Amino acid sequence: MDLMAHILVQGTQMLLVLALAPLLTGLVRKAKARLQRRRGASVLQPYRDLVRLLRKEVVLAQNASWLFRVVPYLVFAATWVAAALVPTFATGLIFSWTADLIAITALIGSARFFLALAGMDVGTSFGGLGSSREVMISSLAEPAMIMIVFALALVAHSTQLSTIASVMLAGVGLRVSLALALVALLMVAVAENGRIPVDNPSTHLELTMVHEAMVLEYSGRHLALIELAAQLKLLLFLSLVACVFVPWGLAPVGAGVPGMALGLVSYGGKLAVGALLVAVFETSIAKMRVFRVPDFLGAALMLGLLGTLLLFVSGIL
Amino acid sequence: MPEAAFAAQLPPSGHLLVALGAVAALLALAALGVASAHRPAGRPLIYGGALAVTLVAGLSALTAIAAPAAGMVLPLGIPWIGTHLRLDALSAVFLAVINLGGAAASLYGLGYGRHDHAPERVLPFFPAFLAGMNMVLLADDAYSFLLSWEFMSLASWALVVAHDKEAGNVRAGLVYILMASFGTLALMLAFGLLAAGSGGGYAFDAMREAPPVGAFAALVLTLAMLGAGSKAGLVPLHVWLPLAHPAAPSHVSALMSGVMTKVAVYGFIRIVFDLSGPPDWWWGIPVLAAGGIAAVIGVLQALLQGDTKRVLAYSTIENIGLIFIGLGLALAFSANGFPAAAALALTAALFHVLNHAAMKSLLFFGAGAVLTATGTRQMDELGGLIHRMPATAVVMLIGCAAISALPPLNGFASEWLVFQAVLLSPDLPAWGLKLMVPAVGALMALAAALAAACFVRLYGVAFLGRPRSPMAAGAQEVDAFSRAAMIALAATCVLAGLLPGFVIDALQPAVGGLVGETMPAQGSVAWLSIIPVAESRSSYNGLLVFAFTALSALLAAVAIHRFASRAVRRAPPWDCGFPNASPLAQYSAASFAQPIRRVFARGLFAAREKVEMPPPGALTPARFSSSARDPAWAFLFLPLTAAVGYVAERANTLQYLTIRQYLGLVFSALVLLLLVLALWT
Amino acid sequence: MTVLATLPFNPAPVILAIPAVAAVLLALIPSYRVSAALNVGACALTFLTALSLLVAPRVAGPFLIVDDLNIVFVVLNTFVAFTTSVFSASYIAHELETGRLTPLHLRFYHAMYQVLLAAMTLALVSNNLGVMWVAIEVATLTTVLMVGLYRTEAAIEAAWKYFMLGSVGIALALFGTILVYMVAQPVVGEGPDAMVWSVLMQHARNFDPALLNVAFVFLLLGYGTKVGLAPLHAWLPDAHSEGPTPISAVLSGLLLNVALYAVLRFKLLMAAHPGTLAPGPLMMAMGLASLLLAGFMLYRRRDIKRLFAYSSIEHMGLIAFAFGLGGPVANFAGLLHMTMHSLTKSAIFFAVGHVCQVKGTQKLADIRGLTTSHPALGWGLVVAVAAIAGLPPAGVFMSEFLLVTSAFAHRPWLALPLVAGLLLAFGALMVKLSGIAFGAPSPGTDKVKASHLPMTVHLALVLVAGLYLPPPLVAWFRHVAGLLG
Amino acid sequence: MIEHAITPNLVFDVAHMFAGALVLISFLMLYQDRLYALLNVFALQAVALALAVAWQAYAQDAPHLYVTAGIALVFKALVIPVALHRMVARLGIHRQVETAVSIGPTMLAGIALVALSMVVMLKATPAADALAREDLAFALSVVLLGLLMMVTRRNAVSQVVGFMSLENGLILAATGAKGMPLVVEISVAFSVLIAFIVIGIFLFRIRERFDTVDVDALDRFRGGRA
């Protein structure tokens, strides 16, 4: 019944990320509010929002097609699966080899692909605006992400996140290339999640909207799923940074219940710290113009490429 | 003039006879096409016949991959050489690709051909084109190879100019046939060198025994890149492709883009991997560079086009770039003593060959269906087709997702393998390669991301939103034959994506024959994952990704519908206070591309936007126009044609001399020759 | 080939006699219908007799010679002359209808046609250098008269230009012939023997190489003028475009070959002597010059017949290059190319003749969309131009393949201009073909009143040749290729 | 020629003298700037040729060559010049020889050509007798000078004269080659050719200058400029 246990752990992880994602967003919002000297809503507010949205009826635009209605489920599912494949508290889960880091990146890309399509389905200018900006941003963010994957994979000789985390845990010392990759990853994470300074998740001003413009026509349960997917994505990137660059506390393969518990605690801690840092970062910086974003992401791409090149050339490890 | 024995080195096999029979049958169909073009029975006869023949040939080729190589010599062609034929694993792989692609195109043509207003210009050439491609793959001597190669070009050229009354088609055909001829001449030179090495033996067997060395080998590589590259669409020899592929009838476009470019890839592999002997360490560099450049330039150009079929044609250039990246990696690994890694890279390239054949044929079929339904290829006249053409919309969505390399479809599987091959390259000893490979990897990642943008744009503008023209508003779903062809290809894309392991295993005989090593068997891996090197290193399981995603989505849907709300209300979309906005106010193809155009296309493509504002008080609308150029035209071909024109103009004065001046020419020639005699001998 | 040599008599004199007799008869017959039929009949008879050469013994008398080299030419020439006469019959009838020619003109025309045929055959089978020279001169004069047949200002100018340049060419060739005699005289002895080809070949090893070089320069330039090699080509486009189209076909398909044959004869002589200047580089240089020049000239053409005249220059350049390159493969390619060019180019002129009659113009700009308005003619022209441009499965493709590959293997640096020239000419032909064959048709959509048989037969032969050459022909070409060194 | 009473040296000397005279007269022709004078000089060259050929006929004991000499004398020295005289008068052609290259440089080029033919021929025939070599070189010189004349003169008549002079060189070479067959036939053939040319000029009124290029007309004829 080893298999059952493994599947159980895997299931736990899936449910865990699903459960933690709104909380993380709530934390970030709370921290931001505090930093701005507001009281802010409760950290549980995202849960309440989701429940409320789920209960509401869906208002569909008249010419919305079936695609428009399917996309939220697809986006949610793809993001959820991707988030569940990133090691959170333990490595080497039974299905972790289903998809490596490249595939995870591509899964996120799939979600974005369908969301961008949905943005164009109703045929309003807002949707098209959001979609076209979104694909422009992703066309730089994705290669940057792939470069980061390269850099990590070259250090760890693997694109499997579990293996990478284990290698990192074993210690590879301080490396310039990895530092470059970390910076690039943070920049990509900011862009991917539509955070300040690339996008502002709480704006509805058409000149600056990206993600919000795309999903403007969504309402009710559809919107809830999309919001949840966005929260999962934030969680995913924080988990990713955590498991690759601060892998301490991760339960190794074959760890028992105590190891898992330690992993869970440390994971919670890392998320809390991450949320705080995100809030601090967003509070201290201003949103940039849309056409500054390519420069920002281009820098990320270059950093990633530089890190990879360094590794290729150094050839050690 | 060495006499070659007319006996083949290899025994013939049933597979080879089937393939040969297929060629004969297709040629007979071509002749029949001339005779029956004007009869109503002509179309079903030709396309039905072609469907049957290619299906049989394709299935036979599939089983031939694992069979031992077979050969045969016919007393045709160059008299003292004969026509050598050979069916080995590599040609079997490509035979399967082109015949199955051909079968799909024939099936599609059964319905699509009904709308053709000039069937006599299509029916004879369609089977001839298929026959030509088959012949290239069977040829085992330089003459038969080039004859078939050029015959294939000629037949497809006839198809490109089939609709010669439409603007631009004749010019497209012209550019096409010129570039084709350029390619053939380059290959002719390459074979000249290869044959020189073996003392004038034009048979491939003779060339294999005496491969070129040193500078000659480098020259062969260069010429193969020029020759095969011009047919495949490598930048900057791609200029004909976006003109010619869209000009042909759509099922032919599918064949040209999806299948014929693969024949070009085959030609490159055959010459470089098979006939040129062991590669030098640096051979991978130019191939990688060409692939990377083609990938990015191709997809960027695709983003700037407003014509559906032209978008697809440029996207072909991108995918050819990806295939050449795979081939370049395989060369680099193979030359530097990493046969296992070479096997991975080559497998990735071949896998992508197969995938692209399926995806691009599917997409061209879809574009053809849209063309039939609406009468236009301009994206800005389409929109909302998802409501009017539901089946086409679904298969096109699959095609777009597949070519955008989204898991769990097939495009992702092959790109994933290429990335895995890239990640093995730090082992390569040479510095040039060390710097080159990651850069190319970045280009490839960029191309993949841009491809997704490109197909969001294509699908979003053409199929989603509201119709931008009456034709789009009145579109009807296409006939059952066309749908069947598209569904079959879409199913192929899904299956190859979910079960990549079987495809990889099937390709191994061909890979092993070329680089001397195969990838580990994938069919027996638990859960049907693919593990190219080792499990700890990387693995991917399309089936499980699909299962998890589908399950999660289903779970979410069921849960929400069961426990939360399932109410739906239809309402007008949010109009920002301006009700009844015109459908033209939607994002168009040009406006969707605007951010990317600004970011990527300003320099090299000289993308410019121009807004003409009416003077104050005037009631005319403001006009927006955007323009971009293809750098290959701007920097290479236009100057070249200008130079030819200039010299021709200068030379033309020779037409206007007087008799006395002509005599002067004769006189000068005489004096010159006498001087040579006086001074030289 | 000796196995086949079973014919008891030598048919060569018969081949000469038939056209000579026919010429006299044709000059006497007033009815153009009868004379057209007689013309065809005589040509057919000549061709059939020429076929018997294939099984005739190879003999070299004091006046006539039959060897492998000239059989190729004789059979080809009589065949194309025959098909052209068939084409001419329908072409000329139309000219009479439109009043461009009178029955008297036709009488003259038909007689001259046979004189031309006789002269060309004589040039091919004569064993005497002097007789060959005279025969070529007669052939030239005959064609000059035919080119000027329409009596328009342009036709007369063309004929005159042809005449003047041809005369200078013939004079240079004569000087070369005299020099050859002077080379041979000390070895062979005085008298006619020193001009007999077969005797010269036997003694070639003992000749003075330096004087032979000088002779070859004159012969190359002299006969090269007739071949149409640059820079001696100036007469060719005019003569092709202003004369009746059957004569254009004869010029391109036959006369150029005869002149080429003369050059080859002397090249054989040069090749037989190891001490001579290799004639190859000269021929290659002139061949490349012709190829490149014609390649550029093709782009600016506005007249359809002139276009294909330049294409003939291009192909003569290629053939000269092939023979200049030498070696069994290139020589084989040269022979094959020559044969294919004759067949294809005459087929093109057959088509072009009808096209010009239907459209009433030779201007390229006024001939459009032929595949729509005249499918058989249009597609025939497309196939023929594709064939001449070297697209498979035409035999031209095989010869170009052999030529390019062997050139690149032996002289890589020469192969580059060769390939450039091929591409250039190909591009120009395709540019023009696109306009002629495709798009919306131009005015002039009457049915063609002609048989497409000659064109079809030629094209069928050409297309099959790229795939399959009959072994006897191959053996024979290879033997000749071996002789050419 | 052994059976002749005259010593071989004298045979060569006389032949040599005639050949040299032909070259000299060629130069004289290049020097002329009047059409009538040019025709007269040409007639002189024809006479010289007739003498040279007759001498060869005598020296080689080849009586058929007398026919050639006769043709040269009657046809070239009399008929053609007279015909051309009348034609110049009838057609009203300018009496002036119109040159494309002025006379001085033409003469220089002529000298260079003679030098060239000497070098070519002397290099080519080291084994032969010195005088025979020079004869051949002279013949070549006459051919080249004739061609030079055709190239540098614009007038149709002077071009014909140039061509005939070229042909004189050919006949000289042909008769100089001992025992060459067909010489008579060839000279007859050439006479026919020249007759054609002259008749052609007369019948079709070939423009008095070959150089008048009417570009519009050419555009019509030749497919024109693009």
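To keep things simple, chains are lettered A, B, C and D as they appear, and every chain counts its residues starting from 1.
Just so we're on the same page, contacts are C-beta pairs under 8 Å (C-beta built on N, C-alpha and C of every residue); 3 or more make two chains touch, one makes a residue touch a chain.
These figures come from a predicted structure and were not determined experimentally.
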Partner chains that chain A and chain B have in common: none
Central chain (by mean CA position): B
Chain pair with more C-beta contacts, C-D versus B-C: B-C
For chain B paired with chain C, centre-to-centre distance based on mean C-alpha positions, whole Å: 43
Averaged-CA centre spacing for the pair chain D and chain C, given as whole angstrom: 31
Chain B and chain D, separation of their C-alpha mean positions in angstrom: 68
Chain A and chain D, separation of their C-alpha mean positions in angstrom: 98
For chain B, residues that touch 2 or more chains besides their own: 648-649, 652, 655, 659, 663, 666, 670, 674, 677, 681
Set of chain D residues in contact with two or more other chains: 120, 123-124, 147, 150, 159, 222-223, 225-226
Per-residue overlap in chain A, given as positions that touch at least 2 other chains: none
Interchain pairs in contact, sorted by label: A-B, B-C, B-D, C-D
Contact footprint of chain B on chain A as seen in their complex: 54-63, 65-67, 73-74, 76-78, 80-81, 84, 95, 97-100, 102-103, 106-107, 109-110, 112-113, 116-117, 119-129, 131-133, 135-136, 138-143, 146-147, 150, 153-154, 157-160, 163, 206, 216-217, 220-221, 225, 290-291, 294, 301, 304-305, 308-309, 311-313, 315
Touching residues on chain B, where the partner in the complex is chain A: 383-384, 386-387, 393, 397, 401, 404-407, 412, 416, 419-420, 422-423, 425-426, 431, 434-435, 437-439, 441-442, 445-446, 448-450, 452-453, 455-457, 459-461, 464-466, 529, 535-541, 544-545, 548-554, 556-557, 560, 564-565, 567-576, 581, 583, 585-587, 591-596, 598-599
Chain D residues touching chain C - in the complex, by the definition given at the top: 120-121, 123-128, 136, 140, 143, 147, 150, 159, 163, 166-167, 169-170, 173-174, 177-182, 185-186, 189-190, 193, 196-197, 200, 204, 206, 217, 220-226
Of chain C, residues touching chain B in the complex: 160-161, 164-165, 168-169, 172, 210, 213-214, 217-218, 220-221, 225, 231-232, 234-235, 237, 277, 282, 293, 296-300, 328-329, 332, 369, 371-372, 375, 386, 389-393, 397-398, 400-402, 404-410, 415, 419, 422-424, 426-427, 430-431, 434-435, 438-440, 466-469, 471, 474, 478
Footprint of chain D on chain C - complex, ascending: 128, 130-131, 133-134, 137, 141, 153-154, 156-158, 160, 163-164, 167-168, 170-171, 174-175, 178-179, 181-182, 185-186, 189-192, 194-195, 208, 210-211, 213-214, 237-238, 241-242, 299-303, 306-307, 363-364
